[in-house]
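To start, I am sharing the structure in question, which I have written as structure tokens.
First chain written, first letter: the chains are A, B, C and D, and each begins at residue 1.
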């Protein structure tokens, strides 16, 4: 049934929803201190050096873009940041503390992510997907889960309330009770973002959030990411679509063959000849192909 | 719960009409096999249905068997005719008559989804006719038994079969509508009364099904087929009711009054001893069903919610039972102390839970099929160890016999009770206790399912890596599923030990694990009533069809294959979260595993 | 010392039988990642097929001469098993090709129960163990070490045939066009399809080969132990699966090594570990659990891709 | 499409099932033995039966069922119980206690059930016996060997009968095991014996009793081992006992294992006799690998010397059952006849009612019958007093009687 529904016009989340959510989540400290940092991160698979001494830092309230040609090590770097990989050398720190080496603990510490190829829980409703995101912030032991006492109900109510607000935030209220697998493609991406936001992250890592989207949807996603920043969440985006990155991010990092090639404001990066060379070093049609094809797996 | 049902654009809503959607009969253009005859029949569908109904009734009143079968005429009079005894039909002929009458009435009235309803009725008539006809043929030794032989004629089954088929064909030709959706909302007390009536009807129906055909045995050789025939008739009636959308509506009403429904259902279950099924025999069977249902619910947590296949699950029932046996004061137990039953249940559950956690711990490293094999290995190790009387705790080949009955003061649970003039059968207290136990276990399952923990399990089942990325510590949570599931089985095991009075290793073999799994799958994975329904079916069918004991396992194996092929989601499909098994092939293909190499660590 | 060597010999004989069954497991899993639970029953059906041929269709004079009877029985057993395996693939597994993982596994359980019961109900006398005619030179020779190490001729036959078939099969898979198609399909079914390989045919072929080997194993088992029963499939099937995992699933050489290891564990465990022969199967399961938990890719497995 | 296929499959399955069950028709004309020329005006009395009829133990269970059926049919033909037709109602217990409990409860709640023959497993008897005792229904087991069933949990120290309705024609392990030991040690002069069992109630009990008596008589137990109940490869076990150089092997278990075990012993160069209990006495023992010179004990005098036994074997063959009567056939036949005999004494020319049950129990208790396994009567615990046992040896491919004796404790 969802396929037949007319797409309502996509726009930025209404201001009052954002304000309310920001109050609930209480993430912004307004300090603009560095949150997420990596120092000399290298990653070696067998004989292959996928990352070489990557150092970067993400300040609070910042949107950073991570670009680079296929095979540049973007996803590998992402996986190092989220605890899926343990770097061969170097360190990743969150607010100065070393990043735990376990995806669940990373999320608990406040770093949430989405996946390049959407990985929702397909047979759960949109609301339930977001509720799973609340898992880590809910206080329910096995015993209270069993007895459904007043504390349990309070925490359930809170979680449902938050889920409702998050769905409103990403514009999916009308799909609240729909199974995730039945959602249109673009909305699945938005649901994944809502689910990630449900973990109250201070850092959100988005892996190609506009892959497969048309211009209108891409624009809506940009507005959404700005709104997420307004919640006080710092954002790192991997993306092929350089135009999207340059109009979205405060800072852009270019990764080429595992090395951090350039770092700077969109304007600086756009004008940097090394970037153009890195991208256009390959024949034009291959560049084209890279933009449409997936990341290295 | 669902006031905000979003509706599809095509919905036509009128304020007063109770029916939300009255699907019109789709234009009758059939394709595929039988398309020609069906299209030809389409304009005359109404007449066809009426004719089918009439034929069915006529069939019911004709003679069905030319022979007088050994144990008396099958199953009643073989040569009943309209003129001798117009109202003298009972049994399967009564069922056919009722289905036929309903066919005519529905065909003539303006009823939503008329053709779909009639088709259900027709299928019922057909099934009853085929079953009884085949049976008479086989027992009577040839087709002569249902046609003409030795100067007697008996075309009842054939006429009824034709009637049923004509009904089905005409209804199909008339075009099958979609199921209508009803939106009546009545005053709360009217709905309460309605639910009460429905649940009491279900209770009576269950009692009727259980006692249909008598208890079987040599004195009553037709019990099996009478039972099957009743099932066939009920299936037809059920299909018709379902087609009318009324069943769905009642389901919604009961959803609106959930607590009330649950309480009434529990009371109905407790009232079973007061019905015709209130015999010691059915109390014993029901208690066994209860033990297996409780265990299957535990398994449902592991398999249905968390998606972890366990092939050695019956071991936890066994561990619970052996613990209880050792603490029962039975002479053969090495521990030889007697602990009060309630405490025993707790200890059994805890011990089983500990073993559950141990068996579950490989889930930290092993996934999918391999995990299933690990659990199978644990199950086999348990059986072997129990057979070898490990540490003297299991009695080995001699088992632990003579476990005393559970007693309240001087009252033993296997004694019968008198409530004023009503004499309740022996074993009724076990029945009551197990109903309460199963209710408690269902509550546990339901509460867990709708909690943070339950959602985490389902998330793990759906996509373990994504679940981890949502902050779910998948390892401990999976072990918790094993632990809680095993505890429920341990509870049931304590009960099992006392009810059966002997605990032997051979009650906990691999086949029992497969039976439990089959119960969960048959009933519907991940649903609350599914495991109970599945366990009931797997126990009641062999009891009612003891004639086929030799083929029991063969049919069981084939049934598993057929269920997986045709209805993998089980009888009660999980509404929201179609269990992993129920996924459409296309979807499964779409959700091909992602490129994220999460295993490398 | 002679006891130790005898147990080694016992282990190798039992192990090579298990290896032969394990090859079927490992090939099927390699191609469609299905634990074909019913494979043990295919082995059992092969034994009954061979026996039926000898009992009902071959003159006793022929049965009495092992050099005639043995090949007849082996071929008959292989054929029966192959037919059952292919039919099983066609009617039970193929419709579930794209279903979620649990579905075929549970189907396999159902097929296993149904096959075992079908033989019990329909094969005359199969409710109990049935004698199996000797199909090879009877007796044993003794290696004079200590008290003597006894080696039965049928055991030698078992080892020679099993290892020979395994070797031949490995050559087949490595050298022939069909073998390459099988390997391609096991790597990536969709790509193989693009290369013009019909995966359905390859899968049928896999089931057929695995079934034939299991049938041979069934007949050898019968002539080695002189009786067969309907339970022989389940237990030996589980051991064979363990062997397949042990060796690294999808790997024929691994299955053989795994089978031999299982045989040795059983023989030596029954001799030297606490509990003696009463617990010898327990040790196999313990090994299974340890391997699955700590080295799920087995001895020869290259990747963990099979774990999913 | 798949729908039609589904319907077709279901129909085919159904038809198959019905066809299968149609081994014999149920037309009145075709009825045989349903009373013959006897008067059956008072109705039908039911002889209940509980044993495994499906699964891997069904071989024994089906043999028992047929033997009971034979006794019931013969009784009907001979008008043993005037005015009544007897009918057999066989229930499957799936060899598990909980299903056996259901079957027993089902039989117990039928007022026409006069008595129950069964069960096979001692563990199922433990749950069946009390259920039947409550309703005063006689149970006679041809196969249970656990002493606790008749003499209570403290059978060794303070025997006390738990259920007055429970009897058995099976000889307990406590008689057969020692009898075999006396033969093997005293008569055959075997002093170094390996004892193996299959871990089941019957086999393990028998082997234990044998080993105890053999040691008492001065023999050494060279090895005490277990094999799996479904094993067929015994090379490991044989290698172990080979080192101990035994001069005989005693096996507690049944013939499907015993036969191959015997053969594999010989293959390993151990040309020593294997001895077992009644569980290995089967016509296929030698075919399965049993060797000339192997021994077995069996209950009662040899059939050749005893017309009643011969009569049973002939009648069984004549009845054309599709399964052999197997290990417990004769004992089951006797058990059924004990019940029928008691019934005919109790009912006489009167009618059977619940009031007759006490009388039936006493009648069975007072049984004195010449059965297929010898003279049958019961002691105060309900155990058979038939302590006549025969030692058989394999000659020319089958068991032939060697000597018959009465067990006396040493």
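As a convention for this text, a contact is a pair of C-beta atoms (placed from the backbone, for glycine too) under 8 Å apart; a residue touches a chain by one contact, two chains touch by 3 or more.
Quantities reported herein were computed from a predicted structural model and do not represent experimental measurements.
Identification of common neighbours of chain B and chain C yields D.
Counting C-beta pairs in contact across C-D and across B-D gives the higher total for B-D.
Chain centres here are C-alpha means, and the one lying farthest from chain A is D. Per-chain Cα centroids separate chain A from chain D by 73 Å. Rounded to whole angstrom, the centroid-to-centroid distance between chain B and chain D, based on C-alpha atoms, equals 37 Å.
A straight line joining the Cα centres of chain A and chain B is 45 Å long.
Looking at chain B, residues 388, 511, 550-551, 553, 558, 580, 583 sit in touch with two or more other chains.
The residues of chain D that reach two or more other chains are 58, 199, 226, listed in rising order.
Multi-chain contact residues of chain A (touching two or more other chains) are absent. Per the contact rule defined earlier, chains pair up in contact as A-B, B-C, B-D, C-D.
Those residues of chain C lying in contact with chain B across their complex are 33, 35, 92, 95-96, 98-107, 109-118, 121, 234, 238, 241-242, 245, 275, 278-279, 281-282, 285-286, 288-289, 292-294, 296, 304, 307-308.
Those residues of chain A that touch chain B in the complex are listed here as 1, 4-5, 45, 79, 82, 84-86, 102-105, 107-108, 112-113, 115-117, 119-125, 128, 131-136, 138, 140, 142, 145-148, 152, 155-156, 159, 174, 176-179, 181, 195-196, 199, 294-295, 297. Residues 2-3, 6-7, 9-10, 13-14, 120, 124-125, 127-131, 138-140, 142, 147-148, 150, 152, 155, 221, 224-232, 235, 266-267, 270-271, 276-278, 280-281 of chain C are the ones touching chain D in the complex.
If you check the complex, the residues on chain B that touch chain C are 303, 307, 309, 311, 362, 365-370, 372-374, 376-378, 380-381, 384-385, 388, 510-511, 514, 517, 521, 550-551, 553-554, 556-561, 564-565, 568, 580-581, 583, 585-586, 588-589, 593, 599. The residues of chain D lying in touch with chain C in their complex are 56, 58-60, 62, 199, 225-228, 230, 232-233, 235-237, 239-240, 242-243, 255-257, 259-260, 263-264, 267-269, 284, 287-289, 322-324, 326.
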